[in-house]
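Paired with chain B in one complex and with chain C in the other, chain A is shared by the two complexes that follow.
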Partner chain A sequence: MADAAIHRVAATAAVRAPIGEAAAAWLLTAPAIVAFVLMLLVPTIAVCLLALTDFELGVPTFQFVGLDNFAELMRDRNFAIPVRNTAFFVALVAPLSILMGLVLALLIEANPRGRTFFRAAFFLPVVSLMVAMATAWQYLLHPTIGPVNAILRDLGLATPNWLGSSEWALISIGLISIWENAGFNMVLIMAGLTAIPRELYAAAEIDGARSAWARLRLVTWPLLGPTMLFVVLITTIRAIRTFDTVAALTQGGPNKASELIVYTIYREGFTYLRMGYASAMTVVFLAVVLGLMALQTRLIERRTHYG
Partner chain B sequence: MTEPLQMNRRAAIGLIAGSAAALAAPAVRAQNAVAINVHYSMPAIFKPAQDAVLEEFSRRFPNIRATYLNPTPTYEDGAQLVLRGAATGDLPDVSFQGLNRLRLFAERGIAVDLRPLLAREGDPAKLGYSPALLGLGFHGRMQAGLAFATSNPISYYNVDLFRRAGLDPARFPTNWDDAIAAARRIRALGDGIDGMFYRWPGDDWMFSALLYGHGGRMLNDQESDVAFNGPEGLAALTLLDRMVKETGMPNYAGTADLQAFAAGKLGMMFRTTAQVRGIADSVGSNFTLQTTVMPVIDAQKGRLPTGGAGAMIVAKDPAKQAAAWEFVKFATSAVGTSLMVRNTGYVPCNQFAIDDPQYLSEFYRANPLFQAATKQVHLMIPWYAFPGANSVRVTTVMVDHLARIAEQKATPEQVLADMATDVRRLIPRG
Partner chain C sequence: MTGISVENIAKRFGDVAALKGVALDVAPGEFVSLVGPSGCGKTTLMRIIAGLEMPDAGTVRIAERDVTGLRAADRDVAMVFQSYALYPHLTARQNMAVPLVMRRLNGWQRIPFLGARLPGTRNIVANIADEILRTAQMLSIEALLDRRPGQLSGGQRQRVALGRAIVRRPKAFLLDEPLSNLDASLRVQTRKEIVELHRRVGASTVYVTHDQTEAMTMSDRVAVMMAGEILQIDPPERIYGDPADLRVAAFVGSPSINVFDASVETGGRVAVDGYATGLATRASGRVVFAVRPEDLAPDQRVGMPARVEHIEFLGESLLLHARHARTGTAMIARLDGRERGAFAVGHDLLLRPDTARAFLFESGGKRLRAERMAQSAAEPVHG
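Up next, the complex of A and B:
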């Protein structure tokens, strides 16, 4: 039926080109537009509206409360702590996982032997189910029977309570995230590397860039720019929205030490049932993330596109 | 492992005819049958029990067609399902919910008050509902549900570690001073072995065991102010503090305590009896597991909180409500509760099944690990559900404060004062 419609559109387009073309364009983009409106735009607007109410799950009526939820947010210690935790978390995870991804990609590219194996090995965390991986991490980082602490004990080092102490819980979640994201970044960066024309390296060598470091600095790095922009954006987003490791491993504890913002929103809405307040948190979260993205794009784009 | 399926034509026709007949039979019966939808949570624990209850119920009540909805993985998911359903008008007729969440449904007008239905039956004691059992489902001035499966905290211990530490496994400590002393001796074995873990994280349940143990309560009788900030609450927190200070009790996150215990690296564990089956499975033949009652705090005033699930009726339509009542009544009857106990290990919720040996004595003889909880039935009082919109949040606030003691970042006195201030702000002002 859709085919027939397109044929008809195509047929009329032959007669009256401009209108027909526009109709065809609309028709072809319609599924994407409908999906976008239904799946993203409408829910986002709904969340913005709910943020202005005191809607609670299971309570039949709700009232318009204006900006009360946002005023409460500003005073809420339970919101300030996860915001601080998330900022620390992104500052830890994003740079380290990008750096690790870059180093892994360069190492694997440099040596063709075992390339497929290493690529698969480091990409594994991305394709595996994080909740299942979390169980493995829980065992690895177990304070008494975990292999990590067993090794540290043999080396005569201190054995931290990785997931159970407020000093380490957030860092441990961060380390797991770095492990998870590094492989993802590695694959993206490797794709970027293969897009760099080989002749440029040869040309750089002739022009005097004799050391590998010089070629990296003068050819690889600048040409990797657009890829790195994407990697920085995607890693930041992935770090900000970390949820599953927190939910599976620490439940934000002890005493909110490892609580990240998305987990807070989830608890507020679905455990404490305050949908209106949780929506207000989501709106603030969304605004901050979009602002951050806009800022990053503007700052980095200036230096990555050559034209 | 599938066997190759071979079938001749006649067999195939027979099979088709047979299944058509099988499909037709309930349809004929259903002409004047009432259909009800039943929802429950935690299929990992309850599926065998619920299936057994449904099978027996369908046999006895052929004109009520009860079907289970897809079970939700946790009590929390189960509560969300019904609350979402209340917003969209898509509700089950019967729902099994965590006992401490019944109040939330009572206050939001979702649970049907069972008192009129009970009154029609005459004396509730004749159905096996003692006042204590009814009390577990009584919230917000109404009978919001009936207890279906109950649990209480018990002691789990590693018999091998007890022997190695020179302790007599047949004489498990009956008070906390002795338990702490035993934990110290087990920890002294070294090799990464810890003495004990008291499962305070997650929710306020295990803290309430310490509070009730001293005879304390969460709020005052009018529910207008906190009541845990007295000497009982301080004693409860001090006991937790001693466990950390004197036995080096580690701060296990998530299920790390269960892993350490199963690996034979933890001497004693204090947590719900609901996990007996799971813990026995994970221990396997690594060592000899034993369970017993909790160490006693106050022999006169001491009580223990009740965990588990209760059945509530959500259906508003009279015909469905009547059918739902038959189902709830059966699930909580002596027969229903015996099916539940045999398949889960929870504590029975019908006085007849508790008193009359014909129902369960054989089961307990064959499964001694399940006995510990039944010996504490007389101590069980409801798991307190806080009033108002912040009912669940209060429990998180308490756990967050307990973490400060577990990490030795504050004294029991400081924590008690802070906890009282924070909880006071979250309860409705009377």
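Up next, the complex of A and C:
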């Protein structure tokens, strides 16, 4: 009786044994690996390869053209404009939306009353569909019937054609992006703030940090470092790849004044069907983004690593 | 003249009465420990003394000055937190500089680069560097000054936290369980060092711990706190030898004091299930008779009948765990370790309390002043 039971246990153990720890590890990571290969690695390699061809959608044959696409890019004014626009756009949106997110987070954190309400209110743009929100913005910024201009008119100020003029179109898209990203950053920064130990504030108070400003400089700002690194990275990426607002509100116009890189790539590939050329743009775009990320990480991490 | 004086402090958190009228006086240079079980309000009292929490009622005085309404930054107190609360982005040196910089430099002088050019800044900064070095030498942490907290061990961090607290020579010094994160041997060593440090710095100190050994070995006086009240403040030997409350007697001493349900019989004689303890009282009805393990010993003729359940041999001493033969009350006797062979589990014997060192308490827990009866009266009532 007892013997039989022992044998049964031994038999089960024998069956289990072949699946070693290493095999189990591979099995468990397999879904992630497959997803990574199929959805990131293969497309990236495909884009890199396509960038070396003159492939056009709908044309049955294509040829290997080497670096011709890249040479053309360098000369293409239609690419230079969106590059400049994007640089301006990121320089406008990233700092302002981070600053706004920080100020909102500190204000809400300092006054716990209504915390959930304000957090939800400012996070709304992130969870709502940007294309739907764009419709609202189109109305708000309408040159003649829009409330924004109505207020400006009442104040006796100039009433620009926000989305329709070449001076203002890019700035308007930028303001909308700031509004969208500030809420996102606020939530990230609030999470970072709650991770700061309360006792550090008590210690700062005892050490003589009388003003809120002194405590901000002594505790909040330095301890928010790792969070801010993440916020800066994610905001830069989100700003660089802005697409939906442009597509919904201005289509890059007027006269390419509000055209951003991703929109150019989209038009090159899906309107003009020049997939090879669009791929070359994508490769350049990818390289620039990766380089920027590496630079930022290097720069900021040096100052926030407490090891 | 007082160092720290706290009167009548009450504090509620919603429904929880954390402190119920606490009073505590610490003389200048005195070291007072605050002990008590978890959640009894020790940290809350410390935070109120420090000014991090406002009391609902009562006053706090530090060096004769009423500071009840002042905020922490304006009271002359330093505090060491249980978690040390060091600034993780600053080196040990910078951590220790913070309290001095914050107090001696004004807002303009603290601005990076620019501040250093303002008149006077350089002198002050040089003084600060000097004082940090002197304090670091006192704590033997000179070699660690340029490391960040993340690069220090728990014990080293604790020293830096101590350094940050004493570097500005505060009038009052508050430590909230500073040793609880250290391992046992380091704790014993640091215990000695803190006492020594206190002797040199000489500030009034309140030291929170829930380790009674720490409290007994380090302090001039011990305050035992329970459920938001201080039950007794006395030198360690009186806390142990003359407890004012049953809860104090039970909290201090390891193993815990033996407690017996007793009745007051004719003439005020106190008996435990028929055994005449030799103590008498004016109270009546039920009382509590308590005797420490080292004051309970086997006797051939008289005592409380008990059966040995378990024997713990500790080397120099021997703990005899027994149970009262009739009432089932658990009792522990501490005997000389050399008597080890004399007892075995299951033995029946008589355990006799040393009347001169036993205590009587009301059933509510308050100490009763007992009278010792003449020797003849201490004979057994029966059997």
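Note that in this section the second predicted complex is superposed on the first by the 288 of 307 C-alpha atoms of A that agree within 3 Å, B and C clash if a C-alpha of one lies under 4 Å from a C-alpha of the other, contacts with A are read in each partner's own complex, and residues count from 1 in each chain.
Assume contacts are C-beta pairs under 8 Å (C-beta built on N, C-alpha and C of every residue); 3 or more make two chains touch, one makes a residue touch a chain.
None of the values given here were measured: they were computed from a predicted structure.
Room for both chain B and chain C is found when the two structures are superposed via chain A, with no clash between them. Look at A:A203: by the touch rule set out above, it reaches chain C but stays clear of chain B. Panel annotation: after superposition on the shared chain A, the angle at the CA centre of chain A between chain B and chain C (CA centres) reads 150 degrees, nearest 10.
Between chain B and chain C, it is B that contacts the larger number of residues in chain A. In the superposition on chain A, A:T61 makes contact with neither chain B nor chain C. Of the two partner chains placed around the shared chain by superposition, neither chain B nor chain C is touched by A:T194. Of the two partner chains, chain C is the only one that A:A214 touches; chain B does not reach it. When the two structures are aligned on the shared chain, A:L223 is found in touch with chain C, with no touch to chain B.
Smallest inter-chain Cα distance, chain B versus chain C, after superposition on the shared chain: 48 Å. Taken in their complex, chain B has these residues touching chain A: 76, 80, 82-84, 86-87, 104-105, 108-110, 192-194, 201-202, 250-256, 259-260, 263, 265, 389-390, 392-393, 396, 399-401, 403-404, 406-407, 409.
Of all the residues in chain A, the ones that touch chain B in their complex are 56-60, 138-139, 142-145, 153, 161, 163-166, 169, 248-251, 253-256, 267, 270-274.
Those residues of chain C that touch chain A in the complex are listed here as 47, 50-52, 71-74, 77-79, 81, 83, 85-90, 98-99, 102-103, 107, 148-151, 164.
Against chain C, the residues of chain A that register as touching in their complex are 197, 199-200, 202-211, 214, 218-219, 222-223, 225, 304, 306-307.
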